[in-house]
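Below: a set of structures, written as structure tokens.
Two complexes come next, and they have one chain in common, chain A, joined by chain B in the first and chain C in the second.
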Partner chain A sequence: MKFRAKIVDAACLNHFTRVSTMIAKLAKTCTLRISPDKLNFVLSDKVASGGVSMWCELEQANFFSEFQMEGVSAENNEIYLELTSENLSRALKTAQNARALKVKLTNKHFPCLTVSIELLSVSSSSRVVTHDIPVKVIPRRLWRDLQEPTVPAADVSIYLPVLKTMKSVVEKMKNISNHLIIEANLNGELNLRIETELVSVTTHFKDLGNPPPASGHASQDHDPERMTEVHVDVRKLLQFLAGQQGNPAKATCNIVSNKMVHFDLLHEDVSLQYFIPALS
Partner chain B sequence: MPLLTQPIPDESDYSLVASLDNVRNLSTILKAIHFREHATCFATKNGIKVTVENAKCVQANAFIQAGIFQEFTVQEESVTFRINLTVLLDCLSIFGSSPTPGTLTALRMCYQGYGYPLMLFLEEGGVVTVCKINTQEPEETLDFDFCSTNVINKIILQSEGLREAFSELDMTSEVLQITMSPDKPYFRLSTFGNAGSSHLDYPKDSDLMESFQCTQTQVNRYKISLLKPSTKALVLSCKVSIRTDNRGFLSLQYMIRNEDGQICFVEYYCCPDEEVPESES
Partner chain C sequence: MKCLVTGGNVKVLGKAVHSLSRIGDELYLEPLEDGLSLRTVNSSRSAYACFLFAPLFFQQYQAATPGQDPLRCKILMKSFLSVFRSLAMLEKTVEKCCISLNGRSSRLVVQLHCKYGVRKTHNLSFQDCESLQAVFDPALCPHVLRAPARVLGEAVLPFPPALAEVTLGIGRGRRVILRSYQEEEADSTVKAMVTEMSIGEEDFQQLQAQEGVAITFCLKEFRVRPPVHTHHPVHSPPCRAQGLTALPLPSQGLLSFAESANLSLSIYFDAPGRPAIFAIEDSLLEGHFVLATLLEPDLHAQDLHSPQLQRPAPPLQAHSTPHLDDFAFDDIDSYMIAMETSVGSEGSRALPSISLSPGLQPHCSPGPCSEEEDDAEPSTVPGTPPPKKFRSLFFGSILAPAHSPQGPSPVLAEDSEGEG
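This part shows the complex of A and B:
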């Protein structure tokens, strides 16, 4: 098992840092999946701990100038590492404005992801900062829990509004209730709603647009005004929204009635899928 | 305005209708008195008064005159209800608490009358939030009977002069002692905490002193825990009037200028701390 990669381009480096910051906000611990073409950050919570799952994917070629890896075996040319997301994002924060960044899988008494950052300096001498991030190598028999989640057939798909507005609304709603209802229809309308004994609050977003339905999907014959709803834990939705910086190029919300909500985001060339299960 | 397109009953069905182009002109003032969960609202044709009380010793009133609103109608002589202020503030700031340049949140507020919820329609950038907050039985509020004819001493200060003093109050002291006098030390704030006593004097001719009308020396103590919440109003205000009456009751009136340059007032009344006999302390 081998892995070493290098980033030299400043824009790629900053972008990679931003991705790691986002991951740290979305998941405390995550799995880094390394394959010859792609890097994935994976979270698949057990139902007991909330059941949120995340699948973030980036093409290694868009970030790394050098990328070498050798998986567990020739047939299973992949590596799965479990790490604390914040350790990676903290290490990468020192890489801002750095000249180069190297990532390497090492074994220093225990397996580590070694991040070496070559910093710019005024004098000719170069300075290198090295972070050893402890990782757990995930054995093959556990890989099947960490595969790309299958996207369920949604009852309604809708484009998301400006995430910043959505975040401030959800933040305030969280102060009032921990149970939030997301509802949307095929007429480009999305509502966020909370209801308690004391107060009911509904925020209406409209003219959001709906992505074209997947061919042959049943939802086409559905009344466009009819709302499909899902009840979720406010804190989980807020965690997802708080992790987003800037506005993604594309953001879709897919609702499976009373089952789950799936967010599909594209930030430049990084795709993020986030699944929040419905509260029963 | 998209707010008007909301399906709402006939205008005349409401005992109170108020609309505002900038919700922060209301929410900022209400935050200044938000030291308890519940508030009582009184609306008359002159505007809305919101009252919060604590321990039957302190009362804060925020006045939002009818002129602050773009539309303000009250059908009855007066409309009174009690509401959860924390929830009301969360609703009013649903689109964010800090101002974003170039965007304003508009508000339309309707109340049908006794037993009905308070309806809020908020709009920002085409996004509409509808809130329905249940109202409660209004409670009798305290009458401090603070009458200007009984005022003994009165000082008007620029708020910045008091801001630092209040934010650095020694909270280990149980009381804040206020001395107002026509003679030295004129105006003194004293605390008696674990680390010793501290006295802060304001000279009569200080630039911060806008007006000084003290006729008689008065030394009164007020529970510091009751006065501390008024710091919220103090930080927003530009001027503060400090008055004491013949019973030692304290009135603090804060003049607050909103984002549109209009003036609102927030007032705190506090009763003096009773003298505790030596043997008990």
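This part shows the complex of A and C:
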């Protein structure tokens, strides 16, 4: 098992740092899946994560100038590592103004993802920062829990409003209730609602637009005005929203009635899928 | 005692107080003939800090009312810090600051003369105290590193704010290595990220240490105090993502004091377990922070992980100052720096080593205080005269007044009993 990669371009480095920051905000620990073409940050559906799962994917070629990897075997040419996402983001944050960054899988008394950064300094001297991020190499038999989640057929799909706006709304709602109801219809309307014994608050978003139905059958018999709703834990929704920096190029929300909500975001060349289960 | 600080020096004084407040809860203020000394020690006595502001630092400086002994006092750090809390305010509005201490009023009076004739007077209650003095002498440390504070500031930047200790050492090719220190317990399940910074010799103004030497000390007392985030703030400012440089500086360590004053910082150190001395100096002030370092067994364990740092040299047995061996460790984790309180008795004046004067009482009235009181500041820069001898005693040394100067002190032995 081998992995070695290098970033020299400052823009790529910043972008990769931003991705790692986002991941650190979304998940305390995550799985880094390394394959010849892609990197994935995975949070699988586990009890520890409260049923939330995440699948973040980026093309390695868009970031790395060198990328060598050798998986477990030729037919299973992948590496799965579990790591603390905060460590990775902290390590990458020290790489501002770096001349180059190397990532390597090493074994220094325990398996590590070693991030080695060559810094620019005023006096042409060389300064090197290395971070040994402890990782757990995930054995082959556990890989199947870490595959790309299948997106269930959504009852309603709708484009999301500006995430910052949504975040500030949810932030306020969190102070009133732990449960939040997301509801949407095929007429481009999305409501965020909380209900308590004393108060009911709803924020309405209009004219958001609905993506064209994928297969084009289930939703046809649907009344476009009829709302499909899902109850979620407001903190989980907020964690997702707080992890977002800037507005993604495309942001879709798919609601499976009373089962889950699936967010599908595209940030430049990074895609992020985030699943929050419904509260029963 | 009366002194007057004007202009930009008010802010310098304020910053010094901020960096002292990183260490201890009580501030020892002692007017000496060669300047005003501010000192503190932390509660576990593993860190000591002092600043000495030369008389030239002040517009006006009078250590004592003529014919009287200078007073010294101990005040709560909190209350003194509150006077200088806002450095921006000091810079913008305060024109001069007058500090006076006299026995009659039993108050330390700090007056801030601000713009538009506003005058703020702080009357701080104080306690009489003995002189606080850590036993240290940079000239006795075999290893010296000196670099612009900016270089050291950049060097500690990659380390997470929560990190307690770092190991500083000289690696292969005489590169200076800083590495996050991990306790040995941190073994099986929760492994922390290990960060290592390696800087070339050319960034240092002085590097007097051979490859392989290393010490481990507490980073928090040295660097800037990070802002305390109890939980991840949901509305964290976007600058969080921009890295550590954007952090606000609510309180500052010696390093940031030196950085803001654009000074060089010297690190004097010896074998692991012996205190390390961080010093800054210019013509108007000098500052010394003395931090305990971890004893060798831990360091050795740490060393197993570090191919770059070779095994540190064994402690120098043939050290010329055996008396100093005694204060370097504590009973538990070798963290303590020996402190002493002196009452300025002439009995200790001539002591090259720790000879104990039988007649000394802890609370006897202050002896004739003179320029000898400056023992806080052994000069450290090459080329300056040799430092004065310590003339103070350890805590508790009066409990064993009779033993010989050369023999091991029973009191001190008791302190270090737990050492293997």
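The rule is simple: the second predicted complex is superposed on the first by the 274 of 280 C-alpha atoms of A that agree within 3 Å, B and C clash if a C-alpha of one lies under 4 Å from a C-alpha of the other, contacts with A are read in each partner's own complex, and residues count from 1 in each chain.
Please note the rule applied: a contact is a pair of C-beta atoms (placed from the backbone, for glycine too) under 8 Å apart; a residue touches a chain by one contact, two chains touch by 3 or more.
This structure is a prediction, so every number in the text was calculated from the model and none was measured.
Per the definitions stated earlier, placing chain B and chain C onto a shared chain A by superposition produces no clash, and the two fit side by side. Of the two partner chains, chain B is the only one that A:198 touches; chain C does not reach it.
When the shared chain is aligned, chain C comes close enough to touch A:93, but chain B does not. When the shared chain is aligned, chain B comes close enough to touch A:206, but chain C does not.
Once chain A of one complex is fitted onto chain A of the other, the partner contacts of A:147 are absent, as it touches neither chain B nor chain C. Contacts of A:161 after superposition on the shared chain: chain B is touched, whereas chain C is not.
By the touch criterion defined above, A:65 lies against neither chain B nor chain C after alignment on the C-alpha atoms of chain A. Between chain B and chain C, it is C that contacts the larger number of residues in chain A. By the touch criterion defined above, A:176 reaches chain B but does not reach chain C. The gap separating chain B from chain C in the superposed three-chain model is 7 Å, by closest C-alpha atoms. Considering their complex, residues 17-18, 21, 25, 84, 87, 90-91, 93-94, 96, 108-110, 112, 121, 123, 125-134, 171, 238, 242, 245 of chain A touch chain C. Looking at the complex, you find that chain B touches chain A at residues 84, 86-87, 90-91, 93-97, 124-134. Every residue of chain C that touches chain A in the complex is listed here, in rising order: 154-155, 157-158, 160, 191-200, 202-203, 232, 234-235, 238, 241-244, 304-305.
Looking at the complex, you find that chain A touches chain B at residues 161-162, 165, 168-169, 172-173, 175-176, 197-207.
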